[in-house]
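Note that chain A is present in both complexes that follow, paired respectively with chain B and with chain C.
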Partner chain A sequence: MTFRQRHLALPVAVAIIAGCLAPLAVLVAFSFYEVEEFDLVPAFSFRAWGELAVSATDWFLIGKAVLSGLTTTVFTVVLGYPVALALTRLSASAKGLAVIVLLTPLYTGEIVRIYAWRIVLGGEGLVNTVLQGLGLIDEPMKVLLFSPFTIGLVLTYNNLPFMVLAIWVSAEMVDRRLIEAARDLGARPVDAFFRVILPLTVPGLAAGSLTVFALSAGEMLTPSLLGGTSGSTAMALVDNLFGTAFDWPLASALALALLATLFLVASAMAGLMLRLKGARAVIGRA
Partner chain B sequence: MVVESRMEKRTEPALSPLLLAMRGIVKTFGRSRAVDGIDLDVPERAFLTLLGPSGCGKTTVLRMIAGFERPDAGEIRLDNTPLADVPPERRPVNTVFQSYALFPHLTVHDNVAFSLKLRGGVSDIGVRVRRALDAVHMADFGDRYPHQLSGGQQQRVAVARSIIAEPRLLLLDEPLSALDRKMRGHLQIELKALQRRLGIAFVYVTHDQEEAFALSDIVVVMNKGRIAQKADPETIYSRPADSFVADFIGNSTLVEGRIQARHGDRATIETALGTITAPAAEGLAVGDAAMLVIRPELLSMRGEGSATFTGSVGHSVFQGERSMVGAEVGGLALRFPAEAPLSVGTSVALWLDADRSFITRIAA
Partner chain C sequence: MQRFTLNRRQMLGGLAAGAGLSLLGPMRQAFAAVPEIVWATWDSNGHPEYVAAFEKATGTKVKLSFLSSEDAQFAALKTGSASDWDIVNPSLNQASRYIKAKELMPLDLSKVPNLATMYDVFKTTDKVKGEDGKTYAIPYLWGLNPIVYRSDIHTEEPTYSTLFDPKFKGQLAMRDYALESIAIAALHLGIPRERAFLLTTDELAEVKKALIAQKPLLRTYWQTIGDLTNLFATGEVTAAFSWRVPYDALKDKMKVAMAKPKAGIMGWCDCFGIPASLPEEKLETAYKFADYLLGADYAATIAEIGNYATTSSIIRDKLTPEKQAAIFVDDLSVMQNFIWPVAPENYSEWLKVWNEVKAA
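Right after this comes the complex of A and B.
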């Protein structure tokens, strides 16, 4: 066997098989096990899958994960795209500073950020105090904390840097002369955006969207610590089934169903975006 | 006959056929003056070339006409309309960029159709794209993407894309500089033919004097943000306005001297190589420092009477059809063409065709 460039991928392939496919196989196996008197018994049982199939709660939570992933993706695209474009206009040193500012929240750790949000959004928190002080509201706004609004806000905040970075890298690669060429050929700035900049940043949009979707659909801590009664997630349920409830077969089945659903949605997103013209310019070149 | 000529006169356009007029244009980037007060007229249907070394401001002039840069001072008028507040997309001017700037995500067809699609309401886009691609011999490439084309093909597509909307003026920013010599020669001929056929005025930027001479009706030589000379190619070549122009075009040897006598359009200049009488630039007076421009083809190894210069061969470069020889004469290297290579050190006698040489001003 001669050494070729593609053999460089071998270590990664081994890591993927050992670290990802093997555990999945274990999950598949567990999903057919039986639990008898707090003991896992290898049996070829469809009990877990049967329970999952008819559980409205489980499917509601899976759907909620998809919806949470999609809405977070949309919010981060809408908020992040202008930021990413603005970054391309900065001087080299300002870009360095901007990236530090962008990434700093990620270094603080999730739990710290979550408690920071509690302080900001709480009944006697920063936002309510300021609004009351200005006389804009009489009572503290309850919707700020422990609500679906909170989950959406914090998931968007947490994931924005990933979206901005992905789009920014893509936008930096757009040759500025192409924008001048578009203007020269009769495009107003808005036409140049939709016909040149947006199509050519599709690869960045795709990378950012898939990342943000994966991160936010599977998020558990933020909803459970900031979402209050609306904070239940499929992930938390899996955690619960593996832990306190000790129903590993059902936990495995639910985890696999969630994984398969998210994978399908992400594949659909990728497929859609790669069909767009801009993706060809970068990916279709081979 | 009299009647006929009067009728002919009447068909002349009442207005001057001036297309573009730039007056007192200044553009500064930071501390450097890229364009330092230039006046430039482009007549209808002209092929005008801005020629100069890199950094002379020629591309900045082009970008101001296109609308990508705003002059700090001065006025640009197109068809007698001030362009100051007209954004690039509303100027009847299109550009062929140095890098071609084809849209990588669009096919050749969609690249060429870009401006017509933006306009909306154009029903014959397909026909016009076809015609534009035909004009540049690229009709069979409509379905390709830019990255599937060679440099020369991309250049043709860029030209097709910029002429399809029938601009009043086409700007070309060193469009051939990225191509090899042979392709450059082909495309020069095609561009010139296309310009004649379309009747659109071209403003062409290049640093290659051969290209400028081959293509242009008017050559504008620029130096440090100013216009050094504006004339037809023959005049630029044979009567360079100053030593910068003389040095920039061709392989001339410049010999510094002082004007000794002036008679009409001729003058006598005293140089280290001797005293020579030749046509001289206007305004040069007795006592002025000036420069004698000796173009290679004005030196010959044969002649009547006594030789103008004698020296020895310093170097000899074989160039195929001839050799370019540098002769050491009085500490200067005089370049001249020889039919065969000469060995270094050979003594040579040279005759100068002084009537076709030129005495010019020393550039500031």
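Right after this comes the complex of A and C.
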């Protein structure tokens, strides 16, 4: 990147940093305020941080967000790699069509998708009706809807396109001769994948993983409308504290703790991916 | 007797004066009337046809600003982001919150003549009064939150304890709302309705145990009334603490009914309120609108289209018995069994319990 090109990115970078830092600064300030008779009173109180420190529920929900983000990331990586690699083998026109098909579910709104899942997975829904029709089950499988399984399935489905696209872009840049050379030298397909393809597609893997992790760890609507009684999330609690409880200091403290935790986990993920053999060579190539 | 006669000049003069007055009349009204007032309310309370008669009578257009939640309304007033709202819609159970926060102005009740027709239970409530004894809000629309149930599956009318009955495991739903859900558990445990919203810390602990034990029996917690209607329509849920909406939407498609538990019926009531910051020139129109909400036109239209009753008895006796039953005014003794969900002093403790139940 030349000196001039770098400067072109400067206004956007400033806008992003300001748009991120300003609300964070407000949250930090609010977390030390006090609430009196539904009024936020500027103060330097550690009440909210103290409550957060000893709240098992809050930390449980933060942990749940991390777990949800990590499991969704792992599922989308496992499912996304074969799809992304298959995309690289298609003709140019077929690639365009495949990408459109891949993104089609995202063109519908999230609420539409949620109610569609209810129709598919419900007790009287498509899957249960077909399975009962085939005589494979006698009673509807209630676990399909309103369970942790549902949350995992839908978050994986919703986020899969982001992972596939990121890996696909990286995979397109892999020199196929390197894979052929590895095979010629006796590497099994699985070895060629782990020792050649995986390190060379780390930039896409990292971009996809960090995106999917952030999107799924912060998801609120899908768990609350499809997760049944297991659908509570840290984000919903933040929403509840800002709204119903009018406890803005505690809501701010919880939001900051959640953010810091997710940031640390995302940093650890990025660090781990850089440690993959050969990854540094690709990342440092620019 | 002198005969009254008009010559041509007098006739023309009279016609001209009449024409002039007839022109000046509307002009005077146009100058006096506020062109528009903004009413922040629920979409179910403020269909355009509900306010058409007011617009016609006053020449003031009612712009409807629909609320997404009570909390959002309070937050908008609190943060000043709702500066265009002229009339707001606090609920009876949350009115004190707005009054304490000084978001509403005290009302001059002499400017609302239709208050005379209000049912006593609403007329005498203290929940709309401030510590200074002044009235800050006027209840205008109310209803009951029943248990809606599938009458083909539940052969006996459900009570609150039905929502905790393992026999119906996987078919029940509760609202994701601390205030009502905790009170229902309290009523299920036998705590009298007078104290359902005044629980001690020990009672809250007992309620928490009951709600955690209830979780495996529930299909889900419902978030919006559309969400619950969908749950009934798709056969996921057969009984739930509800609003009446699923019953109205589904009564012609499946066997559904509404139960009014004897332990106490949760009532809801919406109030008229004027933001403390309303400009002086809009005040007169705002009072006219309050009077309209308690008048016959609004009551008749919302009873007909929305199946809701206003707090005024003004049209009750003119309704058919079926319509009276539909809007719960056939048997007025129901008003003796109301429980008004009121946020308790230790509400933050309630919210903490509810969040712990959901995360358990």
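Just so it is clear, the second predicted complex is superposed on the first by the 277 of 286 C-alpha atoms of A that agree within 3 Å, B and C clash if a C-alpha of one lies under 4 Å from a C-alpha of the other, contacts with A are read in each partner's own complex, and residues count from 1 in each chain.
Here is the rule we use: contacts are C-beta pairs under 8 Å (C-beta built on N, C-alpha and C of every residue); 3 or more make two chains touch, one makes a residue touch a chain.
Keep in mind that what you see is a predicted model, and the values were worked out from it rather than measured.
*Asks:* Have a look at chain B and chain C on chain A after the superposition and call it: clash or fit.
*Replies:* On the superposed model, which is not a single observed complex, chain B and chain C fit side by side.
*Asks:* If you tally the residues of chain A touched by each partner, is the higher count for chain B or for chain C?
*Replies:* Of chain B and chain C, C contacts more residues of chain A.
*Asks:* Quick check on the superposed pair: does A:T244 touch chain B, chain C, both, or neither? Answer first, second, both or neither.
*Replies:* Once the two structures are laid over each other on A, A:T244 reaches chain C alone.
*Asks:* Looking at the overlay, does A:F193 come into contact with chain B only (first), chain C only (second), both, or neither?
*Replies:* Touch status of A:F193: no partner.
*Asks:* Pick one for A:F149: touches chain B only (first), chain C only (second), both, or neither.
*Replies:* A:F149: touches no partner chain.
*Asks:* Going by the contact rule set out at the top, does A:A181 touch chain B (first), chain C (second), both, or neither?
*Replies:* Touch partner of A:A181: chain B, not chain C.
*Asks:* Using centres of C-alpha atoms, tell me the angle at chain A that chain B and chain C span after the overlay, to the nearest 10°.
*Replies:* The angle comes out at 150 degrees.
*Asks:* Which of the two partners, first being chain B and second being chain C, lies in contact with A:Y157: first, second, both, or neither?
*Replies:* Touch partners of A:Y157: none, neither chain B nor chain C.
*Asks:* So if I take every C-alpha atom in chain B and every one in chain C after superposing, what is the smallest distance between them in Å?
*Replies:* 46
*Asks:* Can you check the complex and tell me which residues of chain A touch chain B?
*Replies:* Residues 175, 177-178, 180-188, 191, 195-196, 199-200, 277-278, 280-281, 284-285 of chain A touch chain B in their complex.
*Asks:* For a test of understanding, state which residues of chain C touch chain A in their complex under the given definition.
*Replies:* It comes out as residues 69, 71-72, 74-75, 78, 97, 100-101, 170, 176, 178, 215-216, 218-221, 223, 227, 230, 234-236, 347-348, 351-352, 355-356, 358-359.
*Asks:* Taking the complex as given, what residues does chain B use to touch chain A?
*Replies:* Listed in rising order, the residues of chain B that touch chain A are 66-68, 87-90, 93-95, 97, 99, 101-106, 114-115, 118-119, 145, 147, 161-162, 165.
*Asks:* Which of the residues in chain A come into contact with chain C in the complex?
*Replies:* Spelled out, the residues of chain A in touch with chain C are 37-39, 57, 60-61, 64, 115, 118-119, 122-125, 142, 145-146, 224-225, 227-229, 231-232, 237, 240-247.
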